[in-house]
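After this come two complexes, each holding subunit A, first together with subunit B and then together with subunit C.
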Partner chain A sequence: MKKHYVIFAGLVLMGIFYPRMFPGYLSVAITLLLYAGWATSWDILGGWAGQVSLGHASFVGLGAYFVAVGTSHHEIAPWWAVLMALFAASLVAYLWGRLTFKLKGPYFTLSTIAIAEIFRLVAINEGWLTGGATGVFIMTLPEPFGLDLFSRQVNYYLALAFAAITVLVVMLISRSKFGYQLRAVREDEDSAMASGINPTTVKLKAFMLSGALTALGGGIYAIFLSFIEPHIIFYLLLSVQIALTAIIGGRGTIWGPCIGALLVVGSGEIFRTTFAEANMLIYGLLIMVVVIFMPRGIVGEPARYLIRRVYAKRAQS
Partner chain B sequence: MPSALRADGITVKFGGVVAVNDVSLDVEQGKILGLIGPNGAGKTTLFNALTGFVTPQEGRIYLHGNEITRLPPYKRTRVGIGRTFQTERPFEELTLLENVLIAAFLKEPKRKKAEQLAMDVLEKVGLADRYDQPALDLNLARRRRLELAKALAVQPSVLFLDEMMAGLNPPALKEMIEFVRRLTDQNLTIVMVEHIMEAIIELSDHVIVMANGSVITEGLPRDVIEDPRVITAYLGED
Partner chain C sequence: MMFDYVSFLQNLSNGVLIGGVYALIGVGLTLVFGVMKIINFAHGDFVILGMYCAVLLNSLLGWDPYLSLLVAMPLGFMAGALLQRLVLSRLMEAPPESSLLVTLGLALVIGNILLLTFGAEPKSVNVSYASSTVSLGKVSFSIILLLAGLATMVVIAGLYTVLNHTELGRAIRATADNRLGAELVGINTRWIEAVVFGIGMALAVTAGVVLIPLLFATPTFSGAIFTLKAFVVTVLGGLGNIGAAIAGGLLLGVVEVMGASYLTSDYRDAYGLLVFLLILLLRPEGLFGKTVKRV
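Up next, the complex of A and B:
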């Protein structure tokens, strides 16, 4: 476990100096960090608790809309708006979970698509609240401590902080009582109940934490874009991308979602410039390769292999 | 001795099928109740009704005099019921210690103390030397002992064992019987569903025989297995 904290500290340090080394590549890095953070947040529910959601764009949207609408329509400072978004996201996740956790496996997943679609339709149609289909512009932002929140540098550090927080939360969870309860529920709910664990409570907590963290990233995303559209931010494709990022990297692992983000965002960036439209082809190929050859993801598969190797060696001795 | 577990008139129906029909039982503290019967007799359903995994349509269940009929399984665990599963369900990615730790957290929320408790239980079932191995690839006898360790780590007062002996080779069977016997020395009450007659005869203080959802006879193990009704239930009429 100690080594995870060392890796973490090293990565954060690298992250801090990144803008000095590659000042021209800040936007890619911001996207990458946001996806790393979203995928890590998603994984608390999707990986650790084993409840695959294809509705997490709703939480990105909640965070983004609270910040965008709050700052441009109601003159609420973005940090208060983010705080409100965290509460709203937890509440939404709680109600959402209460409604759908009776459903198992793929049925739960389908229900998340349906509920996320409701959010998208509300965002598009309830113009008085959300600015409607045209979206919301963020024109002005306060300048705390003289920081220009529109600058790429500041956006970058916000995204870095977001990704770091999510990974830290998962590292803390992984060794805690809650982390073990999550794994127990994922593996077998009956067996978990025999250990005195209430699966619904555990899944609700996971969903609330996952949703709130995702919304935090959503708020930062809104500031980064400074213009949000309901079609994009509440769209199924974003949910799918967040889920895929975590799945490709390795569900239920600490670093899987980050590796997934590096691969998905990184390759997307490289291939988009060199292959233009063929970019999606490569994206699809990447998914196929992982699903067929590494069903536990890029981090998950070797981890399992290592465990078996170490064990096999000990069994022989 | 006071009653540890009592059930009055338990009836479980699945649609039109009556799986358990008006079964009552009473187990004294520190005793072992054996539950036998041919396949499809309703043993497992009764077992699940007592542990909360199936809700009975009729009847009441009491644990140390407190009614638990409507409690969900995880709450029954919290008030003192532990159980194993017929097909053991270890969390394969986790080590043996972590497997037991999950259950140990129930009574010891602090990780250090929970780990200590889990280690003690592993010691008891004879798996302590393998504590840091992942639970995948364990052989059957060890999987059973791990399953038992998980059930013991919630520190139950009544322990339900679902076919713990099935498939064990003779030495492993002997060990398991010895182990279960020692558990009652610590005043643990045990309800076991079992097909292995050797285990039933050696361990049970009282045996209930079920067939087609009903109790056909009950009593001391020696008497019960010689009962012609029991032989008929198992072998059919000629």
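Up next, the complex of A and C:
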């Protein structure tokens, strides 16, 4: 466990100095960090609790809309808007989970798509609340401590903080009682219940945490884009991207979602000119290869191999 | 205000005809689920493949879209069988999510390859009879919708005959009922699965061809919509049950058209989803039977 904290500290340190080394590649890095954060948040529910959601774009949308509508229509400072979004996202996740957690496996996944689609339709059609299909512009933002929130540098550090927070949360969870409860529920709900765990409560907690963290990233995303559209931000493909990033990297691992983000955002950048708008092709090919040949993900497979070797050695001596 | 029977009947007939096409899409999905127990996320993209097949044959050879069924159906069948043998057969032992994720990947690959080949702008086929209608009293029927309904009936009747009156159909039903038992009496279930996936894809492609005079084909966006509609249809009726999928398709068509004309058309796509959620939540055991593990 100690080594994870060392890696974490090293990565954050590298992240802090990154803008000095590659000032021209800030936007890519922001996208990478946002996806790493979202995939890590998704993984709390999808990997550690084993409930595959294809509706997480709803939480990105909630966060983004609270910040955009809050700042441009109601003159609420973005940090208060984000705070409100966190509460709203937890509440939505709570109700959503209450409603659908009795569904198992693929049926839960289908229900998340349906609910997320309904959110998208509401965002498009209820113009008085969301600005409708045309979207919302963020024109002015306050300047806390003289920081220009529109500058790429500030966006970058916000995204870095977001990714770091999510990874830190997962690291804390992985060795906590809650983390073991999550894994117990994922492996077998009946046995978990037999050992005194209430699966619904545990899954609800995971969903609320996952949703709130995703919304936090959504708020930062809105500031980064400074223009949001319901078609993009609530769209099924965003949910798919978030889920696939985590699954490609490795579900239920600390670093899997980050590695996944590095892989998909990195290869998206490399093939940008070849594939142009067909950038989801990479996700499609990667997920097929990963599920067929390394079902635990790119981080999960070697990690499992190493753990098995350690146990084998212990058994020998 | 007097209730307007004419517009009600008009809406009902439109709903039923649209629902017929939804049923055609849903039947393929539900057949694949019934036999292979996998949820095929690429089903909607197979529909889009059918649409582009008709567009391509129309622009290159000037074929009528309905004529291209002769090419699209066998091609769809072979492509489906091949996909099952090469990709999905590797996942029969894996947890149910794996096949969901692989077919999701397949959907993304198909959609984006179409995008690279045909570009992003919507494509359609213009036919001379596109806006003609047949009138029955004060209610009028669009020729295209009637043809779509007719094609649906023919295809589903054909499927019914194959499933219930041939040796192949008996083998398919046996595999769906009990895979191990079917193997014990000498049915090559791996071959049956390839055939079933082929039939499923052929049905989806047919639906695409039938829809092309009616809708525009777009490479990436509409695939997910059709997949979602197919799920709504199959869950309305009950996954794995073909008769119920037909009822589900008709119900979805009527609910959408009625909702759009009597409530608000902004939420046309939401009505089906709401019914879908309600059924999923309120009657899961009745509709899914043995596939849901009850605690």
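In the analysis below, the second predicted complex is superposed on the first by the 302 of 317 C-alpha atoms of A that agree within 3 Å, B and C clash if a C-alpha of one lies under 4 Å from a C-alpha of the other, contacts with A are read in each partner's own complex, and residues count from 1 in each chain.
Criterion: contacts are C-beta pairs under 8 Å (C-beta built on N, C-alpha and C of every residue); 3 or more make two chains touch, one makes a residue touch a chain.
It should be emphasised that the depicted structure is a prediction, and the values quoted were computed from it without experimental measurement.
> Where does A:V291 make contact in the superposed view: on subunit B (first), on subunit C (second), on both, or on neither?
second
> Does the superposition put A:M193 against subunit B (first), subunit C (second), both, or neither?
In the superposition, A:M193 contacts both subunit B and subunit C.
> When the two structures are overlaid on chain A, which partner does A:L263 contact: first (subunit B), second (subunit C), both, or neither?
After superposition on chain A, A:L263 lies in contact with neither partner.
> Quick check on the superposed pair: does A:T100 touch subunit B, subunit C, both, or neither? Answer first, second, both or neither.
second
> Looking at A:S176, would you say it contacts subunit B, subunit C, both, or neither? Reply first, second, both or neither.
In the superposition, A:S176 touches subunit B alone.
> Between subunit B and subunit C, point out the one touching more subunit A residues.
C
> Give one of first, second, both or neither to describe whether A:I307 is in contact with subunit B, with subunit C, with both, or with none.
first
> A:L110 in the overlay: touching subunit B, subunit C, both, or neither? Say first, second, both or neither.
A:L110 contacts subunit C only, not subunit B.
> What is the contact status of A:F275 with respect to subunit B (first) and subunit C (second): first, second, both, or neither?
It touches subunit C, and subunit B stays clear.
> I'd like to check the shared interface: which positions of subunit A are touched by both subunit B and subunit C across the two complexes?
Residues common to the subunit A contacts of subunit C and of subunit B are 190, 193, listed in rising order.
> Using the touch rule from the top, collect the residues of subunit A that touch subunit B in their complex.
Contacts found on subunit A: 175-177, 180-181, 183-184, 187-188, 190-199, 304, 307-308, 311, 314-315.
> Show me the residue ranges of subunit A that touch subunit C in the complex, using the header's touch definition.
My answer: residues 52, 99-100, 102-107, 109-111, 113-115, 117-118, 121, 124-125, 189-190, 193, 236-237, 240, 244, 247, 275, 277-281, 283-288, 291-292, 295.
> Report the residues of subunit B in contact with subunit A in the complex, numbered from low to high.
That would be residues 51-53, 72-75, 77-78, 82-83, 85, 89, 91-94, 98, 101-103, 105-106, 109, 111, 114, 133-134, 136-137, 150-151, 153-154 of subunit B.
> Which residues of subunit C touch subunit A in their complex?
39, 87, 90-91, 94, 96-98, 100-102, 104-109, 111-113, 115-116, 120, 220, 224, 228, 231-232, 235, 266-267, 269-270, 273-274, 276-277, 280-281, 284, 288, 292-293, 295
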